[in-house]
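What follows is a group of structures, each given as structure tokens.
Each of the next two complexes has chain A plus one more chain, namely chain B in the first and chain C in the second.
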Partner chain A sequence: MESIIFYLLAAIMVIFAIASVSSRKMLRSVVYLLFVLIGIAGIYFLADYNFLAAVQLTVYAGGVIVLIIFSVLLVHHIEMRLEVASRKKQLITGLLCMSGLAVFLSVIYSYSFEVTGTSVTTTTAQIGEKLLDYGPGGFILPFEVISVLLLASMIGAIIIAKGEKTTKKHPTPGVSHNVKMMKVEQEQELQINPILNEKTPVETE
Partner chain B sequence: MIPGVSITEILTLTSILFFIGVYGFITRKNLISILISVELILNASVVNFVIINKYLFPDVLEGVIYSIFIIAVAAAETALAVAIIINLYRQTGSVEVKDTQVMKY
Partner chain C sequence: MEIFLSINDWFVGLIPAQITGLTKMVLIALAYLTLFAVLGLYLVLLERKVAAWFQLRIGPNRVGFKGLLQTMADALKLLSKELTGTVKADKFLYNLAPYFVIITSLMALGIFPFTQNLQAYDINIGLFFLIGISSIGVIGILLGGWSSNNKYSLIGAMRSGVQTISYELSIGLSLLTMVLITGSLQLSEIIEVQKNGWLIIQGHIPAVIAFMIYMIAGTAETNRAPFDMVEAESELGAGFHTEYSGMKFAYFFLAEFINMFIIAAIATTVFFGGWLSPFGITESLPWLGVFWFLLKTFILVFLMMWFRWTFPRLRVDQLLTLEWKYLLPINLGNLVIMALIVWLGLTLQF
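So, the complex of A and B:
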């Protein structure tokens, strides 16, 4: 039963992946990519990793695909057909990828994997405990680093996407403006400092 | 492990997906299409992590956690790439690779 579902998923994923990289309509290729991602979530479900499948569905099918569709709609005319590489380049690239795939497959099929027959179901609680574990082998530091990375990329994306427009509006008069602002800030600091000094003894108590 | 499916079959599937992604990465001329191909490549590698964890070391969780990190990094990378593409489109009016010479120097 599981093997039939796996072969079905594999066929769907390979067909839609090929369609996704060869379709000449932008929006269609994004939707084909969505089917591939959902197929990968199905493989996670088959392998009994429910949490990963949920993450795959929410982050990829829910977030990334919507982002890419947004960018396609902002950037493209839907009817526009993409230009593709020349036939010769396609052929050469296809041959190159085939040879690379042959190398991969020969390595995979010649290596003897020591598959353990046991099947362990991992719960979401185990994954959470491992992520927040600060003992040896715990993952709390990368977990925190990845949260900072996500914050930084969010701010960076906003700044890059806003871009240029705000800086081009006032090219040179910004300098005198900045000086004025600095003076105002200094005055405000002078006014705030005594208030802060008064407050500190109260807080230490 | 998935009953009735061996590890080599799944690794074959992921390597096929990986090389389809590489093919798209090289032949496509459009920034968004290249982004789609990168997503394919990343997903193939993430499935490799998970499946090797499941079949060879079922009692540890390192593969799952690394794949979660890869998914997070991929999401951040996509958001930044989309921001850059939109900004480029504002400046040059096109997202074809041959027209994007603004960031070259």
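So, the complex of A and C:
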């Protein structure tokens, strides 16, 4: 039963992955990509990684794909089709893909997988404890580094979105472009530095 | 419950052992489909009756006793209608879109505990699964709006995208506030915790704030008035499903009402003790759980209908201001307060 579901999911993923890169309609290839991502979530469910599966559904299927669809809606008309790449490019891409697949398959088949007798479901509580554990094998450092990275990118996005306003609101005559840019950079540093300083004690622990 | 178990035993004895699992799955799925259809139809009737009541009308009263069969007749009409579509629509996506919406709401319906034993699948990430599933439903609306090749549909779909992405945050955060008390995402365990008092009482002030935010965000998530810019009749025709007819339109319509039920059912499970009776008055009769669950859920559904027929529609900018400048900061503060209360042991337990 489980192997049937696995092969079904795998077939769906392979078919839709190929359809996604070969479709000439942009939104359709996004939808095919969505099916691939849902298939991956299905594989996680099959392996009893429920939390990871739900993250896959929420972040990739629900978040990333919705944003992609949203941006496609803004720029794309229903009758538009993507242009076909030249024969030479197609050949090169095909060869590169095949070599990648060859490397991948050779690694998979040369590794001897061991079948574990017992399967344990990872609960959310276990994931949370491990994530905030600063003992050996804990993930507090990567967790904090990632949160600082996300915060920095969020601030960066806000700066980019507001950039035009902050620089052009009060145009001071005689100030050259470079000075303006330096000002913006200084502002960014001022905003990011306190956050970075705040997080440093954690790293030393 | 014994009746169900004996039926189960009788049934398992009847068919070969290899396919019992599969047959059970199919039967449970059929039961849920029936529930889905009946629930959808009668929620439509309830909406019409409530609307009539609020506007001092009588409402549907001709078909069947007091108009009880009105929506059955509507459903038959929708079934027999011709399916039309625009010529230059993207046919594949146009036909796919309704299924996204309806399958996600059906999947969400499948994990609610109606009583202690009546639950199709007790997944250990229950609440998170519900949030994840509900974020996929909007893809159907976006696709339907775009592939119809109609500017009103497209505008409706865009508004829906903006609205859902924004309000999902509030739904997730307000439920997370309650998860701080329960310490589990599993729906059956969330109800188990509430045997010492419903969570809205256990968590007192922050729980009430979380509940209010949840109901506002839930109403927005289901695209109902006062947040129904997605299908604002006076501006956009019928919004994202302008070009749909017959059964495909009915899919969108049914899913919308089922989503309302799901939002109310989540609130019942997380804030009001699910199938638990008030003060444990019917603890000796566990099968009454279904009654209590449905009663609480329908009270919350009525609350959402009350919103719809009371408040005027918001503008898009007001909608986004409400979410990003008010609900989200309040929610984040509330989360910290709740964490403090749980940490200091200030929750009310009976």
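FYI, the second predicted complex is superposed on the first by the 155 of 205 C-alpha atoms of A that agree within 3 Å, B and C clash if a C-alpha of one lies under 4 Å from a C-alpha of the other, contacts with A are read in each partner's own complex, and residues count from 1 in each chain.
In this text, contacts are C-beta pairs under 8 Å (C-beta built on N, C-alpha and C of every residue); 3 or more make two chains touch, one makes a residue touch a chain.
The shown structure was predicted, so the numbers you read here are calculated from the model rather than taken from an experiment.
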| item | value |
| --- | --- |
| Chain C versus chain B on the shared chain A, clash or fit after superposition | fit |
| Partner chain in contact with A:14 - chain B first, chain C second, else both or neither | first |
| Partner chain in contact with A:124 - chain B first, chain C second, else both or neither | second |
| First (chain B), second (chain C), both or neither touched by A:63 | both |
| Partner chain in contact with A:106 - chain B first, chain C second, else both or neither | neither |
| Which of chain B and chain C A:73 touches, first, second, both or neither | second |
| Residue contacts with chain A in the superposition, chain B compared against chain C | B |
| Smallest separation of CA atoms, chain C relative to chain B, angstrom | 13 |
| Intersection of the chain A residues that touch chain B with those that touch chain C | 1, 51, 55, 63, 67, 70, 72, 74 |
| Touching residues (chain side chain A, partner chain C) in the complex | 1, 25, 27-28, 31, 34, 38, 50-51, 54-55, 57-58, 61-63, 65-67, 69-70, 72-74, 78-79, 121, 123-125 |
| Chain C residues within the chain A interface of the complex | 21, 88-90, 92-93, 96, 123-125, 128-129, 131-133, 135-136, 138-139, 142-143, 145-147, 149, 154, 157-158, 161, 164-165, 168, 183-185 |
| Residues of chain B touching chain A in the complex | 1-13, 15-24, 26-30, 32-33, 35-37, 39-40, 43, 46-47, 50-51, 54-59, 61, 64-65, 67-69, 71-80, 82-87, 89-91, 95-96 |
| Parts of chain A lying in touch with chain B, wherever the complex brings them together | 1-3, 6, 10, 13-14, 17-18, 20-22, 26, 29-30, 33, 36-37, 40, 43-44, 46-49, 51-52, 55-56, 59-60, 63-64, 67-68, 70-72, 74-76, 82-85, 89-90, 93-94, 96-98, 100-101, 104-105, 108-109, 113-120, 122, 126-127, 130-131, 139, 142, 146, 149-150, 153-154, 156-158, 160-161, 163-165 |
